[in-house]
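The structures come next, written out as structure tokens.
Here chain A shows up in two complexes: once beside chain B, once beside chain C.
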Partner chain A sequence: MARRADVSSKGSQDLHGSGSSRNRLCGSCQENGKSNGVAHSWSKRESFEQAPMYVAVLTYLGFGIVTLFGYFRDFLRAVGLEKCHLAQERDEQKDFVPLYQDFENFYTRNLYMRVRDNWNRPICSLPGPEFDLMERVSDDYNWTFRLTGRTIHNVINMGSYNYLGFAENNEKFLQPVANATKEYGIGVCSTRQEMGNLDIHQELEELVASFLGAESAMTFGMGFATNSMNIPALVSRGCLILSDELNHTSLILGARLSGATIRVFKHNNMQSLEKLLKEAIMGGQPRTHRPWRKILIVVEGIYSMEGSIVRLPEIVALKKKYKAYLYLDEAHSIGAVGATGRGVTQLFGLDPSDVDVLMGTFTKSFGAAGGYIAGKKELVDYLRAHSHSAAYATAMSPPVARQIIRAMKCIMGLDGLTVGIQRVRQLAENTRYFRRRLQELGFIIYGSQDSPVVPLLLYMPGKVGAFSRAMLERKIGVVVVGFPATPITEARARFCVSSAHTRDMLDKVLCSLDELGDYLGLKFSRRKCTQFELDS
Partner chain B sequence: MDVKNLKEYLHWLYYQYLLITGIYVLEPWEQSIFNTVLLTMVAMIIYTSYVFVPIHVRLALDWFALLVQGRVDHITHLSG
Partner chain C sequence: KMASGQQWVLVEMVQAFYEAPAYHLILEGILILWIIRLLFSKTYKLQERSDLTEKEKEELIEEWQPEPLVPPVSKDHPSLNYDPNTKLNLSIVCGLPTSHKIVVNGKECINFASFNFLGLLDNERVKKRALSSLKKYGVGTCGPRGFYGTFDVHLELEDRLAKFMRTEEAIIYSYGFATIASAIPAYSKRGDIVFVDEAACFAIQKGLQASRSFIKYFKHNDMEDLERLLKDQEVEDQKNPRKARVIRRFIVVEGLYINTGDICPLPELVKLKYRYKVRIFLEESLSFGVLGDHGRGVTEHFGVNIDDIDLISANMENALASIGGFCCGRSFVIDHQRLSGQGYCFSASLPPMLAAAAIEALNIMEEDPEIFTILREKCSCVHRALQGIPGLKVVGESFTPALHLQLETSTGSRDSDMKTLRTIVEYCMNRRVALTQARYLDKEEKFLPPPTIRVVVTVEQTDEEINMAASLIREAALAILK
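Showing the complex of A and B:
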């Protein structure tokens, strides 16, 4: 017995002793006082508070009751007492394999249809900080809609990805875009590899590379296609992709299309990622145990459903230790975080060349469309030749490219004005103010203090529909998200703060949220409000 | 004025009941069905408890009394 204890203590001592020299990351996390300061301070700034237990119970109760009524209505439709408005098999096909019996169709028929009026609302103006909606009513409980012809004016927009306010129609700012339209037209009528490589694309790519601090960059016409068409060009069978649990569909689609092995690690959890890396390197490929050709870690800068920011310093340390590659998707974080809007690399003070593949989109912070991939020159030259998007997709339209160029020059200050940097600072201030006030009011919000995406948890299915309709009555447009985009018990409303929102607009929104929070019963937070510094 | 506040408070309570049970999303006739079933079940529970709970409580008290009496008898029998 004593000998076994000796062996075990010697073993643990050995591990710890040699651990601190080899496993520098693990060692530094275990010793007190010597930890990586960044991880500790950042974990304090992120919060994912859990709601009280009764909230989860009542959420399941609500879903259970509505599901029972769903079965009841399906029974009425099957018997013929009620007309079925959705697609159904024909009578001759009733004996075939059923097409519409799976859970997803059941959910659409019986839950989504009842609250469908909260999504796909038609907009008839620019999606700036305030916009106009077309009024839409339904006579048969959301199966069909009709427009009444009236417009709801000046609804405050808390749902558009307009972080730096570039969704604007100021004539002076948009003059270069109009000139580009007059000079180049709108359509390019070719792919990048054939006849669609214009000089405006070269200019844009050089500008993007200098903005990010990378060697070279390439742009594509569609943000989703940037991920789904370029990951298959970078990895293939025999490679390993380690992707975060909550990655966007475009990343998942690109990973699946590539044919590589995909392993998922828990969201922002470095222990899970390190365990997977160790297993991958020790075990190799599944049956043959040969070493993996490439290991690619795929993460996002800001996760739009949680509002959480990736732990970039720890991931870069892990990637250097285990010799993996890093693919960072900065769709929501480019332009929106960082002291001068350069994204999460600037937020953490890292060198952009530490990240192997920097990807982002122009949809969110630049008021345009499209995506880019930046990195070393060899990587980008390879993508120019081998990317599916470059070979088959139409090149980016010239007015859109000119809009991105002017937005980027504005942020960098190259046009001689300080408008860009003011907007970046205004966004940071608006974000901190909005988040602080929401926490003071007593709502549960997820994510990091610096993220302009603010998810406010609603939990119960009844409250999701009621919240969106009540906010629209108060002339505020919000986006609510439920299952299947979020876990079934965590339905939420997602606010996107913009630098174009004035303090008055934010105060109006907060006032309405206060009233609605009391009226609907949404203030689940149990923590005392702490004072956050508001440096302006 | 108090009656108006009371009416508003009751309306708010009913609204909370609709939201929490998820009935809010259903059509009015489905809400009526659910309310009817729920009220019927509550009425049955109240009726059953009104009829049977006093009898059961009295029987339980009698049994405990018998237990205590039996103990006292046993102790006096042993000591005496």
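Showing the complex of A and C:
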């Protein structure tokens, strides 16, 4: 087992699980400390190291300069000295109320436009461990793009969510999918409750239920919609939703559409959650003080912007003590963590029936599309009757369902081969290797050691664009994220490790990162990491 | 040099301090003390019950009992697979070489329930194109559009849709429901006003709910009611012109309404648009690929200039027989969704094989515009054949491919109406015609439509099949509705 890196504390360091303190600018190494009572023998080492103070100052300065320039350019555009590239309203509708307010688009016009070439890069091949990018140039500083027609071949893919390598086009593996296309066609043209309930959906749902160890499961055509259409079916006015600070947009949208009261607790912070639970039960609904009808705790398995893993044993203990319900969104963790790929419940050694609503998506680890909700039979039966998706949205496409079935059977080993379990193990090994090497190189990375999502902090807005472009020149495709998806001072690059990445590919990426880290000055970490062995 | 500069400023400050009047200093002193007090005082939260003892708090926590997570659902709910008689409640459909003749619960039936208007679900070219895309790209895209989830197929499909509809730009979504439900909140925010038809479909209602705008419903297809609402709003505006200059207004209508089968009066709407300065969002899921000489929808049907409609949204799950949806319009409008459409930015993109299938379907639609005339003829054929059935009336225009059969006289209780219609549907299913009841979520709909049977027309249905189905329904009605 590893020794923890030395913690140099400064001032009053709160050891009781304050998680990632967003705005504290002290230069200490912050780790999730002990939690309240539920001892966990295998400590989930998560780190959210703070960068030195000067980094934050320079970041704000960078934003300040870009904003000033933005005002200047807007002035030039208004005066007419600079050509305005933006699309304009129709002449016939010039006297309508403007569709967009100027200040709403300030950020888009002046900051995002400058670095826009780092997103929406079109590809023309399989999103496997390597892919082919279409070369795209801009003649007018990112206002418009044109495709030159050339392809950049064999770019290493560190951005796609391909954790178990199921984004493949091996003819043998894809034969069942091809057969399903020939047999059923592409679409379904009907909803699940009308004429769209195919036998392949039944088969898929039984398989998902047995994969997760749940009684019953139901699948939907889109992962985002699974959240936004089913949370309103489970809770409504008079209920309380306790949602983590960093929950995904789909969870927030589902919570808002439900009409329930939403209270946010600090990210992965059990003290904050317990406090909210106590206050909710003692205080009741606001103003009337009637008792809450239900309390639903909504968390994710792996948070994709932080790489942190939910503290599931503690949440389950809290939920049992306060009689709340737990909704776990395993979009990134299903298939990617756990000894046999069963997700965070397996990672922590918990019984899946402790989680009331198990939700996940098939986009990431299964190379398909769609989402599922699993749990007790009463829950799933209720959703079959009352989910918005079952009544109004088209059912899942049959070839996509067949792909999920074959991927799941592969992971479970039901096809008689060990390919699935090998991939799960390879992913775990790749994850730990990649994270360890990045820490050794001196970068600040966030998140748990087991999470295949690796955010590498860049902080300054200028470095965001430079990093992505430089990596592309070295034929490595990375994803960078900045404000507003992350806090303003914490722009980051996010790597998604895949089991299909070979050691050579990872080494190539690490070598380029080493070079770029020195060139761009990205090695902010002040930890001294000790060497430790990878667990087998 | 720096130190002397600082010193100089300090001297100035001290001088100013001495020269200031006394009351000024006292006031500032009080303010500073107040700020210090605020900074250090405990935040006051209204929900803290600090008047309870620890024991009382424990008791409250012990005593509280939540409702069960889900209320029980009766076993014979039509969406569940349980029925003591047949062991099958919800129809289970099996794939067969064609989806025109589907196997429902083990019986082969003619399909009058799937929205496969142009018969493209079984088309060999479409399947072949999907298969070649599968060989190249695999199934999933493994990422949202912003993070390497944009494939050349997506760009091609957007381009083709924009050209087909003769607009500047199109944007595709990976789920039909999410299309309009993400498009509306991208433009209409809190404080804006949306005028929407009462018969709008559920996806529009969810989009409106997510937008948090003021929603004003007007009676179905009633232009006078809409004009009345617009005039009222004009009066409001005059009271507060500054506010009126920033409130955006929208009208949301469907081309062909899925709940009632009739068409919206688009030319009048366009007139109202220019008179009262409201933007129009048109939802064309049912009319795309159905109306118009070339299948371009309701704008082509009426000959309205497509630029007059600010946004057209449709799903590709009906006529195009694929999965997903698209919005098209001018770049000024559509481009905004690329950063603020939630279903676009935060969700994985459409699997490439489904996009390729949609492109091939578009190719077929462009090559053979006759298909739309044939579809409309079949629609009017079905519409005629279903007239005069005792006890059932046909709801919908003669050219709508998805019509409704409603009970002429309701029994008064929705449940018993639904049961009656269900027996008719089962009667027909047992005799090899697959129909379905239109499904709604009773408690969630704002204006719940009455119970109906949905009848869908496709180009693959032959005249004999249509006549057989019509006579079967007539038989069922005579037998059951006495």
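Points to keep in mind about this one:
Note that in this section the second predicted complex is superposed on the first by the 473 of 536 C-alpha atoms of A that agree within 3 Å, B and C clash if a C-alpha of one lies under 4 Å from a C-alpha of the other, contacts with A are read in each partner's own complex, and residues count from 1 in each chain.
Rule of thumb we're sticking to: a contact is a pair of C-beta atoms (placed from the backbone, for glycine too) under 8 Å apart; a residue touches a chain by one contact, two chains touch by 3 or more.
Quick caveat, the model's predicted, so the values are computed rather than measured.
In the superposed pair of complexes, A:283 makes contact with chain C only, with no contact to chain B. Judged by the touch definition given at the top, the superposed model places A:456 against neither chain B nor chain C. By the touch criterion defined above, A:251 lies against neither chain B nor chain C after alignment on the C-alpha atoms of chain A.
Shared-chain residue A:359: touches no atom of chain B or chain C.
In the superposition on chain A, the chain among chain B and chain C reaching more residues of chain A is C. Of the two partner chains placed around the shared chain by superposition, chain C is the only one that A:291 touches, whereas chain B remains out of contact. Of the two partner chains placed by the overlay, only chain B lies in contact with A:61; chain C stays clear of it. After overlaying the two complexes on the shared chain, residue contacts for A:465 are found with chain B alone; chain C is out of touch.
Residue contacts after overlaying the shared chain place A:260 against neither chain B nor chain C.
The touching residues of chain A, when paired with chain C in their complex, are 87-90, 92-93, 95-101, 108, 112, 119-128, 131, 134, 157, 159-162, 166-169, 171, 174, 177-178, 180-200, 202, 221-225, 228-229, 232, 234, 248-250, 253, 256-257, 278-279, 281-283, 286, 291-295, 322-325, 356-357, 361-364, 366-369, 378-379, 381-386, 388-394, 397-400, 403, 477, 479.
Chain contact summary for the complex, chain B toward chain A: residues 12, 16, 18-27, 30, 34.
By the touch criterion stated above, chain C contacts chain A in their complex at residues 45-49, 52, 57, 60-61, 64-73, 77-81, 90-97, 99, 102, 104, 111, 113-116, 121-122, 126-127, 130-131, 134-143, 145-152, 154-155, 174-178, 181, 187, 201-203, 206, 209-210, 244-249, 274, 277-279, 307, 315-318, 320-323, 330-333, 335-336, 338-339, 342-343, 346-348, 350-351, 353-354, 357, 434, 436-441, 444, 454. By the touch criterion stated above, chain A contacts chain B in their complex at residues 58, 61-63, 65-66, 69, 72, 111, 114-115, 141, 460-463, 465-466, 519-521.
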